[in-house]
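Each of the next two complexes has chain A plus one other chain: chain B in the first, chain C in the second.
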Partner chain A sequence: MAVQEGEVILDVQNLQTWFLSGKHQETRLRAVDGLSYQVHKGEFVAVVGESGSGKSVSALSVMGLVPYPPGLIVGGKVLFHGKDLLQATDEEMQAIRGEKIAMVFQEPSTALNPVVTVGKQIAEALRIHNPGMSKKEAMAKAAGLLGEVGIPNPEVRARQYPFELSGGMQQRAMIAMAVSCGPELLVADEPTTALDVTVQAQVLDLLDRLRKKLGMAVVLITHNLGVVARYADSVKVVYGGKAVETGPTDAVFEEPCHPYTLGLLRAVPRLDLPRGYGLHPIVGEPPDMSKVPEESCAFAARCRYATDGCREGRPPMEEVGEGHYCACFHKGETLEERRALP
Partner chain B sequence: MGKYVTKRLLLLIPTLFLVCLMVFVLMRMVPGSAVEMVVYNFKQNGQVITEAEARARLGLDKPAVEQFFVWIWGMLHGDLGDCLFRGDTVWHVISSELPVSLELAIMSFIISTAASIPLGLFCAAHPDTAADVAIRTLSVIFASVPVFWIGTMVLVYPAVWWGYSVPLTFVPITKGFVANMKMFLVPSLVAALTTCGNNIRFVRTCTLEVMRQDYVRTAWAKGAKERRVMFSHAFRNALIPVVTMFGGSVAGMIGGNVVIENMFNIPGIGQQVVTALSNRDYPLAQGCTVVFAIFVMLVNLIVDITYKWCDPRVTLE
Partner chain C sequence: MKDGAKGPGPDGNLPLEPPPLPGTPDMPVHPGIDEFVDKDIAAREAPEKAKGEYIMEAEGLQMYFPVTKGLFKRKAGDVKAVDGVSFRIRQGRTLGVVGESGSGKSTLGNCVMRNLRPTGGKVVFDGQDVTRLEGKALAAYHKRVTMVTQDPFASLDPRMTVADSVLEGVRINRLADKAGEQALAERMLLMVGLNPKYGSRYPHEFSGGQRQRVSIARALAMGPSFIICDEVVSALDVSVQAQVVGLLQQLQQQLGLSYIFIGHDLSVVRYLSHEVAVMYLGKFMEVAGSDELYGHPLHPYTQALVSAAPIPKPSVDRARPRVSLEGEPPSPIHPPQGCRFCTRCRYAEKRCREEEPALKDAGGGHLVACHKVTGG
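And then the complex of A and B:
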């Protein structure tokens, strides 16, 4: 896949979201710590990282939905068509949410209101952004949307409550709600984590089909590299709240320059290698972001190439290929290791 | 649904029988008896009556078991017996005074609900802001100050400051609606204030508990405005405990507004029960208690049916 040519619709610059705790809010957990990335029109972007890497918080930051307290966006910019969403008023954000930027959450069973019918919840999204629409019209449209996301008997299902639907159907309904107003950007926060493996592929296919049909961009937050390889145009690998490697999917998979990216790739079980090859986990645990010094590489503690330079200075993002950026002092060694692997 | 209601109504019968039995036994276990009261009353009027004569007059000379079944048999025929001291039937006393208490209970319930839900939701939407702290502080004050103190203040100070005195002449609602409302407004407000304090805090707590739920975040992500998020999503899911609590407060109001009824000269049933108990007027006290029991059970039934409406996942069986 080539480097995206289209217009940049979302430009996240040096985003910093902290969680403050303690009596005088002296404990600062830097969940998102200087994250930057761009999303082009109609692009399928994957944000990859392990649990606690700040990928979900970064998505909530874009939506302006970080729960405060304790979460607080302390710096950076989230430019949507050049307008900084972090400076937008509540009313402006309410007009953007659902209409221009929509979101699909991880657990469909808890993300849908349990005491309102599925159809009504979709109709509500429609009527919030189309005040002139009648209830009846919205309900009819909601049923149509349920049909479009592949739910059989949409008219019947629309009148049912979330607990009467299976997990896969709930997530489809969630997606129908998110795309109901034809957003330009859909943020999907691990939409398949709570689902069966067989249903996962269906849901992702649905997202991809809707993306092409509606021309919207999708930001998929995931830790599943298999999913990334199959669907994403570009990948942002996130570690310790910042992007450590970004670029077109092929480039990042073929020529990873960051030891963390390489670690993730090696941790994927492979069927094409001999049985004894085994799994190669990344040693150690995700860092406690309230303890990592600000001026250091967050991955240094777990990195086999780490030197004093890594612990004393934060490596800058540097271009390593066309549209392929990496923040590491040891790109060469990493790339060599990759090339030596089967 | 219809089946469920029928079943619950049928279940009322054995429960009521037990209530009757307990009331009957407990009344007779209270020290002092109606006999002494009758003898005393006669003495006051300069007449002399022996205890045995008084006992016979009250129908207390028969064995207790027989008395009990005579009472139950009468009730099954719609006869709750005669008051011992008022020269009136128990049914007449209850039927004329229960509606008055009901009116007070319903009015104060409406006022209390109309005030506590919006205020509780406001506090939940803006937790720990100055307004929230102020409302909560006032709630605690109103919930803890005794009702007779508030009643006294309301009766005294408007008269002192503005020369306004609360109307204390009782007008039945059938005789004059406006005059009746004027009379009931202030006591309803006083009764509402005390329940309101607890209810505001309860609505706030229940709503705050669901505020961090995923579906509330989904509502924000849809672009919903605060009022819609709070009401249609957060509060809608906090309804079950709130309905339970409000139902309980209504059930308590029917016989529990004695002090207010007394202060504001409202001839309600609460006052009647207190008099009946202190006079050992067995038939009246028993009759009132049974009526209260029926009322509480009906309120509970309504609350249970409301659950189904609050949460479709609830099954009634």
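And then the complex of A and C:
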């Protein structure tokens, strides 16, 4: 995929979100620690990284949904069409959420109200953002949306409760609700992790189709590197609360320059290679985010290429190819290792 | 591949047999690949090298759940969750089970584990039919066959220390004295790569991967020879998943354990399994050696599953054929007549809707239940 050219709609700059705890708020867990990235109009962006690396918190920060206390955005900017969302009032944010930026969560059961029919929930969401719409009109539109996301018999399904739908159908209903107001940006936090491969493929194909049809950008948070390879235009690899490598998916996956990116790629088995290939865990544990030293590469403790230089200074983000950036002092070694692998 | 296994190329459609994958004899891969492939796995691959006896044999295993209706709980039908499944597993080897949600994988595991009492068929473990065991005999079986499930939160009691959780079964069965217990708990934790001192901690103090190790330690404490793993790595991130799969494999090599490994990530299931069974609506549709199944999937359903699983290398993934699978599986209360897959199969014809295909050898022990593949 080529380097993105469209307009930048979301520009996250040096975002920092901490969780404070202890008697005097002295323990600072730096969940997001200087994360920067851009999303272009209609782009499919993937965010990957180990559990606890700050993927969900960064998404919540963009949506203005970080729980306070203990969470606090202590720095950075989230520019949406140039406007800093971190400075927006609650009312402004409420208007933006749903209408301009929508979010889909991993667990549909936590986001769908169990005692309201699926159609009614979507209809209500529609009416919040379109006060002029009648109930009847909204219900008809809701059923239409359910049909559009591939749910058979949408009129019947619209009158059912969430528990009457399978996991995959619930997730599709969530997506129908999220796209009901035609947002410009959809943030999806592991929307398919709980689903099996065929339903996962159906849901992601749906997201991809909707994005093309509506010109909507998608930020997909996922553990599944295969999904990233198949669907994403670009990928952000996050470690210790910041992006360590970003760029077009092809460049990052075929020619990774960060040892952590390569570590993730080597941890997954590959269906296309003989059995026995892959599954090399990344040594050590993810960092304790309240203790990451500020003046070193966060990955140094687990990195096979780490030298004293890595422990004494933070590697800057540098361009290694068109639109491909990486923060590491030993990019060459990593790339060489990658090239030797199938 | 054996000649008999070649599927007839259906007209105009995608070939029933997808192009060979790299790594199979038809298409050698990257020159230096050997260096990166775990040789132990390859060595255990060849069936003739498997000296182990069959430790578990299931025949016609069936689990129907009654569905009731109305005020008087009139029986309205059955959920045919497992509907006539047969398999054999050798000692020290793994049978992988894959299939969509609701296909009956967990029910199968629970029947073998005897958490459920199957409504039909038998499961012979080490020469004994275990489907009707009760009381003491069942307890003895549960020392030899144990189970690990997906959610370590659900399987570990948050108010119990990790050592107490590990020892729970051992205590119920009075397998060790007080002094022995402590040593046993420590040994089990060490075996799964945890610090033995962690025994006094509580589950919430551990990460997801560590908790999954604790539940494996718990399953090992009884000294089993067979473990049923139901989606044990599905909720873990890629690196931790690699650790846990590596651990299961190492335990198999050291202790000669046999596994049923249930999962929906095909690449992980294939990595750990010697043989893989593909389940659909309570039945096995295809059973074959792991590399054979993924290199030459014969059943249209397996082909769709394999093609739905993306490969984390964009250039390779784009070059693969996509066979998409639309819709949802039908209800297991009223499975379709004929072949259960016929409502979603792109090759379905008259015969498929009338007559149920049997699971037949398509050559070299590659079993498949499809009229198109095995013909008359």
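Everything that follows uses one rule, which is that the second predicted complex is superposed on the first by the 334 of 342 C-alpha atoms of A that agree within 3 Å, B and C clash if a C-alpha of one lies under 4 Å from a C-alpha of the other, contacts with A are read in each partner's own complex, and residues count from 1 in each chain.
Note that in this section contacts are C-beta pairs under 8 Å (C-beta built on N, C-alpha and C of every residue); 3 or more make two chains touch, one makes a residue touch a chain.
Everything quoted here is computed from the prediction, not taken from an experiment.
K.L.:
Taking the superposition as given, does A:R230 touch the first partner, chain B, the second, chain C, both, or neither?
P.N.:
The second partner, chain C, only.
K.L.:
Please determine whether it is chain B or chain C that touches the greater number of chain A residues.
P.N.:
Comparing chain B with chain C, the partner touching more chain A residues is C.
K.L.:
Should A:Y37 be classified as contacting the first partner (chain B), the second (chain C), both, or neither?
P.N.:
Neither partner.
K.L.:
On the A-aligned overlay, A:L112 touches which partner chain: chain B = first, chain C = second, or both, or neither?
P.N.:
In the superposition, A:L112 contacts chain B only.
K.L.:
Where does A:G168 make contact in the superposed view: on chain B (first), on chain C (second), on both, or on neither?
P.N.:
Second partner only.
K.L.:
Touching A:A125, do we find chain B (first), chain C (second), both, or neither?
P.N.:
After superposition on chain A, A:A125 lies in contact with chain B alone.
K.L.:
Contacts for A:R97 in the overlay, against chain B (first) and chain C (second): which applies, first, second, both or neither?
P.N.:
Only chain B is touched by A:R97; chain C is not.
K.L.:
Which part of chain A faces chain C closely enough to touch in the complex?
P.N.:
It is residues 50-52, 152, 166-169, 193, 195-202, 205, 223-231, 249-250, 253-254, 263-265, 267-282, 285, 340-342 of chain A that touch chain C.
K.L.:
What residues of chain A sit close enough to touch chain B in their complex?
P.N.:
Listed in rising order, the residues are 63, 65, 67, 90, 94-99, 102-103, 105, 107, 110-116, 124-125, 128-129, 161, 163, 174, 177.
K.L.:
Mind pulling up the chain B residues that touch chain A in the complex?
P.N.:
Spelled out, the residues of chain B in touch with chain A are 212-215, 217-226, 228, 232-233, 236-237, 310-313.
K.L.:
Which residues of chain C touch chain A in their complex?
P.N.:
Listed in rising order, the residues are 21-23, 29-30, 32-33, 36-42, 45, 99-102, 207-208, 235-243, 245-246, 264-268, 270-271, 290-291, 294, 304-306, 308-317, 320, 324-328.
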